[in-house]
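Below is one structure; the comments refer to it alone.
Think of it as A, B, C and D in the order they're written, each chain with its own count starting at 1.
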Amino acid sequence: MTRFSRIVNGPFFARCCVAGLAFFAWSALGISSAVAGDKVEQPIEFPHDIHAGKMGINCMYCHTYARRSMVSGIPPLQKCIGCHQNIPSVRDHPRIQKLFEYWEKKEPIPFKKVHDLPEFVRFNHERHIQRFYFWQKRPVQEVCGFCHGDVKTFTVAEKVKPLTMGWCISCHQKDHLINATGSETGHGPHDCWDCHK
Amino acid sequence: MSITYMLRDWTHYRSTHPSADINKDHPEGYKWAMAIDLDACTGCNACVVACYAENNLPVVGKEKFAHGFAMHWMRIERYWNDEDIETPQHGAQFMPMLCQQCEAAPCETVCPVGATNHTPDGLNSQVYNRCIGSRYCSVNCPYKVRYFNFYNYPEQEHAWPDPLPMQLNPDLTVRTKGVMEKCTFCVQRLYEAKSKARTDGRLVKDGEVTTACAQSCPTGAITFGNLLDPYSKVAKMWRQQRMDLYKDVQDKDRDGNPENIRGYRVLEELRAYPSIIYLERVRDAQA
Amino acid sequence: MGWSGASLTVAGCGFTSIESGVETVESYVQPQDFVVPGIGIYYATTCTQCGGGCGMHGRVREGRVLKMEGNPETPNRGRLCGLGQALVQHHYNPDRLKEPLLRQGGTLQPTTWNNAMALLAEKTKNAGDKFALLTGPLSGHLKVLAQNYVESLGSRNHFIYDPLATKVNRSVSERMYGVAMPCYHIDQAQLVVSFGADFLDTWVSPVHFSSQYADFRKANDSKARGVLVQIEPKMTVTGANADRWIPVRPGTEGALALGLANALLQDPAYAKNVPASVAASVRGYDKTHVGQITGINSEVFDRLLALLRERTPSLVLSGPSAEGHVHGAQNAAAIMLLNFVLGNVGKTITAPARVPFPQMAPADGDTVALNAFNDGLMHGRFETVFMHDVNPVYTAPAFLQLKDNLKKAGFKVLFTHYRDETAEESDLVLPLDSALEDWGTHIAAYQPEGVTITLQQPLMERLYPDGTRSFGGLLLELLKQHRPEEYKQWPDYYSYLQSALTKNKSAFKDPAADDGLFWYQTLSHGVLNVAAPQEQHLSATPGIVNVNLPAASAVDQEFPFQLVPSVRSGFRDGRHANLPWMQETADTMTTIVWDSWVEIHPKTAERLGIREGDILEIASKTGSVKTQAYLFPGLDPDTVAVPLGQGHEAMGRYAKGVGVNPFKLLAPSFENATGELAYYATRVKISKTGDRVTVVKDEGWRPGVLSTQQGRKIVATMAADKVKLFREE
Amino acid sequence: MNDFNKDKEKDIRDDIAWAQINKDVLQSIEKPRAAFWYLFAFAGALFAIGVGCETYQYLRGMGVSNLNTPQVWGLYIASFIFWIGMSHSGTLLSAILHIIHADWRKPIYRFAEAMTTFSLMTAGLFVLVHLGRLWEVYYALPYPNERWAWPNFQSPLNWDATAVFTYLTSSMLFLYVGAIPDFAICRDNARGWRKQFYTVLALGWMGTDRQWRNFRVSYMTIACFLIPLAVSVHSIVASDFAMSQQPGYHVTSLPPYFVAGALYSGCAAIITLFIVLRHTFRFEEYMTFPILDKIARLTFAIAMVWTYLNFIEYASVWYGDDDYAKQVLIQKATGPYAPFWWAMNFLGSVLPFTLLSKKIRSNLTAMMIISLLLNLGMWLERWMIVTPTLSHDYYPWMLDHDQWPSFVQWGIVLGSFGWFGLLFMLFCKLVPSVSMYEVKEMVYHRTLSHRHGHAAHAREA
């Protein structure tokens, strides 16, 4: 008995327990994967902070495809020009000049993908926007921000959420309100084929 | 911890399929099914090519085809009739064979990692990135419609030299070596249609979505649709043919099929409850 | 439509993880409002894979065309065959020509377009009648331009060549029915008796016929399930679907037809359908006589006769295997005569509509053109030769020696997509846009529903923007070289088409008042229906009254076998051999892939001690090929079949060196009436080379074992008289 | 041979001095001779071949092994079952015979136990080798993970893995625990690094009464635990097939059939190794003919059980109305695999009858050859279970898509024998392959019984 208790209280055994628990937590809760990507070098350093923050423009004004399509895509160049040709005040800013250069050349801007999932993963923007913005009536920046972070504080987008499967699941198995008014709840799908292709 | 989900998402289908209530098994209101009229099928191979085009199937080339590595999810089989094999006076017998999307699929229960399991809309899914390639599913598939990536085809000289990769369908992956694959009823199309319908707050209408093979078939021999939609063409055909998804001996067959209804399922006695019915080929005795 | 936004990965599911800042995602510059990334857009165009002219919808995503579907508004009713699907592989083919090639010092060297155009101008300046143009079948505005160009050079040498032409059928129809291509209503027939017309797979307009066939097979209250009888030496796909497949001695189809006619005409009910002289002319063909000629026993004959009697309306079709003989026209006439006897004309055979614009009307090719062209070359009549949409060096029979004759022409230009056999013989090879990059208008030779003009439009930007050009555009430029004032108003082919169609829009069914809208609708539908086209007229009585067939030729001891150069729907005349999908897709009847083969009846093989996979030498008087043997029961025992389309010596990685080319075997025999090459008139001998290979095929691997169902219920079959009828719910 | 008559009654001479026993056995683990290293190198070469083939297959894809659809398993799974089978007799000898106090097992059970462990380790390799995506093998492990995805507990493959690993661990334990007293002896006689080595292994064994008591209890416990496990393992391996619905696989009698086959091949292997060890280490005193004779009889008995179950399987298929299964059977007897199938039946059911002759049973060369042939037969049996079904199952279009296994498959099979050889040779040099303390017991019991015998005589007189 005494020997037993000595073993249990002994430092070695304790360490083992800690290590075991640590592994369990690591593997089970996916602490491992809570890593943010580094800032990505973009051809034009688009200031989200000004547009989303200062101006308070609705995300979907520019990211117009997100609510209609699986992929949100990048706003067409046209979109930027549409506004900026009517904003002479900032025309001489280097970023804007660069923008117009592309426009003159009718060339697409080679932005880099910031949130790039493996190609066997199918993330459906439309479904999530529909579900949380249109049905549940959450504020748009909260809905988008849940995965894309608080863009009001960025210039170019940064990857701030792990976007790992564990992270997706952790949200999919929560119960969310179906719509703003009712109290009915439901969780995300757990069928493999809903997210894997 | 997630044992609960495992039980709910997999074992539920295995243990309860097929239950008495088709609606209970398919909570989303979809049960995709097919009907293939063998009297209309001419064996022209249009469906096969359509499948290659839609599902990023690799072209393996002669040497590998010779080894039995062909990747045709949809294959046209040509049988001769034993009676008049010397001179086949009544033509050949064609069989378009693809994954039968069984309700109680033999492949599902044996996969060690659950890479193939049953979806709420009644498909027999194959999750490529989960597959570890034990090939047990292929062993246990009575129809032998599962195809294994014996090589890394994207890297094969034959498959996709530039610029052919530009033709690849971005809605589904290109499988690498060591992964099992099979017909998915063009799940990427179904997914898109369901998502669209969901946004409009409705179910997918009949004819709104179909598989690549059914779409291309020049004689319209293949009918695809939602079995739970009583007005869908496929549901009508199943009714007409007195076919019940959840019976392993159809009523009409129990009493000897007196009305000569053509519907049947291949190897039905194995109790896999396939989602595809075939309509018997017809030949005129007078001719 | 921006070509930007396409970012694709070919990496499979494997070591992939969440990335950041690795791939680029380019934004559209100025997308049309219906362009949404991630959602496919469908553009209407026309299939150019065969003469059927099916309308197509192409699925486009992020500026890439991914898949072809049928257009529901055209006669193919939204369906598409495998070959049509494979059009994308022509477009994305790795072996497509990307730059003009000019022969310098014996070899083809890359050159510039300016260079090429200058050369063309120089070589054609005063070519006059020393200029010749060899093309495949043409229709629509391309035909107009082509003919104008030839004319503008003051030349009369425009040869329209189609290796798989149905010329005999057309000319005989012309004389029998009064129209070259009547409309066949398979769906309305109770019985279809086809003498080798493979209408489900390769004949005229397979997809359209297939959809008709589906209706033809469906029984309902108004009509019974149609019965199909196929009479041919080698079982085609259509034969494989027949209720009764009757192997016949090649070339004796006409005799059988006359025999049937004779038997029917004993009955006054039928006799009244045709002039008395007909009955007289066929009197010689009694059952026994016909039996001796055709090798068909009386029991089968009577069955067929009974069917023809009890099932009306019926439809009798004449196909290549009956027409490809020295007396092919006679055979065809005899077969078509049956339709008059049976009173099908006007019922299941009706008059087509007349194409209102004669200069755009389809010009179908024939093999006579090839002969004429070859003669011209041989006698050095041509200085400058343009070739488009043909590969004569590959498709011409050996005895024509076209390859050598071609050398006699000073300057040979080929407009093409591949560096094929003919390219290797040409001096200037000009790469063309793929069918999915080019504009065009097409009028199919076979017009089942009024007259429809189908539109061809680019589905994506050029893969090789400064490498390839549109053939229409080139013709326009060339015309400008000679008739600038006439054509300068049109900067490019597109504007030419647009203005031409918009100008005559009144000719089409309810066109929009506004030109812009009209054009928009035209593009989105991809088809224009000619308003109220006037019907042509079928002659009430057979144009040819008495058919006289030659006596059956004595069996040739030296060359004991008849050769059937069978057509594969996937390859046609071999122009599609470089499509990987077509190579990989198992041949319907044999399930063989990636090769050629010779089909031999099991009995014959047994007699000669031939096993599956033996390499045989098939030799005709004019040539020989070596290929693997495949035991095939659907064959007349004294016939061997070798599929066309393989055996390329150039063209691309998928086609080159695969299989053998039976075109080279064809004997120098021509159809009497039309002068067409008689494809089915070649006699061959076969001998074992001693080599043996395993045949690469999809069916069971035991060599020589014909795959059956092993008594298992895989394909179940029910007798037609038992089948339960269903009313549509 | 001349001393055969002398000790034919006795399994072992009862006048061997205990010191002699130690001496004889310990010399077997002394510094190896050159021959050992040659053999070792040979085994290593075989193993290297296997590794090479596997690497090639890993890099190029499974295609290089000439597997195809539907012939997807081939030699890998066949050899897997074979090695699992090999592992069984070790348990039989040590555990079962231990419990029923058949003490003739004592001199030979140690290496049999080792054989069990090593063949399990070999079998495990095939599980990995046959995977298409070896690098994702951890998906099959039931560990808590952030993806919340679990293996499919319905799959016999998973039961299989679990059973095999349990069996492996417990048989290792059994081997080790059983060897503790001997390790102590080694420790007391060894010098240099071996001293430390055995000191660690001996776990401070002093041979006190208390230690002996605990030792007996724990040893017996593991033995009892091991027996049902051994039976269950191969039953579960059998269920990989029996639980599938393929004709020829889906047979109720498969589990006992597998177990019998396992014991069969195991016994045959024991005979082989018995003769090898007896010869190399001059263990004539311990591995005596009477013992060989007993194993031979045991082998014959099991062979008959196997034959019976084999016949049961054929009969139940033949008289049953499952036409597909029947066609598979016909295919086996007449199809492309007929030679192997008949060979397997001959070697498995006819050859063992030679064991009935005492002359053969007492002829080492003959026994050596026979035992090897029996094992060959058992290997063929496994192959004939896996392959013919896949070449002739339900779907006619896919019948007879056979390919002869490529050099990769053969290479890996060879490699597995090399691997087994390596392990076993190391074992011979590190662990006394004859259990010294138990042989002593044996001798001691003998002497006791004899004294007893003499007393009886005296009383009569």
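Basically, a contact is a pair of C-beta atoms (placed from the backbone, for glycine too) under 8 Å apart; a residue touches a chain by one contact, two chains touch by 3 or more.
Small disclaimer: the values here were computed from a predicted structure and weren't measured.
Any chain that touches chain A and also touches chain C is listed here: B, D. The chain with its Cα centroid farthest from the Cα centroid of chain B is D. Chain pair with the most C-beta contact pairs: B-C.
A summary of chain positions shows that the Cα centroid lying nearest the centre of all protein Cα atoms is that of chain B. Each chain gets a centre from the mean of its Cα atoms; for chain C and chain D, those two points are 67 Å apart. In terms of their C-alpha centroids, the spacing between chain B and chain D amounts to 44 Å.
For the pair chain B and chain C, the distance between C-alpha centroids works out to 32 Å.
For the pair chain A and chain D, the distance between C-alpha centroids works out to 56 Å. Across the assembly, chain C contributes 11, 13-14, 699, 701, 707-709, 712, 714 as residues in contact with two or more other chains.
For chain D, the set of residues touching two or more other chains reads 133, 144, 148-149, 394-397, 401.
Shared contact sites, meaning residues of chain B that touch two or more other chains, fall at 1-2, 5, 68, 70, 75, 77, 79, 95, 117, 128-130, 152, 173, 177, 179, 267. Those residues of chain C that touch chain B in the complex are listed here as 6, 8, 10-14, 61-62, 64-70, 76, 78-86, 88-89, 92-94, 200-201, 206-207, 210-211, 213-214, 217, 225, 227-230, 235, 237-247, 303, 306-307, 463, 569-570, 580-586, 588-589, 591, 593-595, 602-603, 633-634, 653, 658, 694, 696, 698-699, 701, 706-709, 711-724, 726, 729. Those residues of chain C whose C-beta lies close enough to touch chain D in the complex are 14-15, 699-702, 707-710, 712, 714.
Listing the residues of chain B that touch chain D in their complex gives 1-3, 5-6, 10-11, 14, 64, 67-70, 75, 77, 79, 95, 97, 106, 109-115, 117, 130-136, 138-140, 142-144, 146-152, 177-180, 267, 270. The part of chain C that touches chain A in the complex is made up of residues 2, 4-5, 7, 9, 11, 13, 16-31, 36-39. Note for the complex: chain A touches chain C at residues 37-38, 40-41, 65, 68-71, 73-78, 102-103, 106-120, 159, 162-164.
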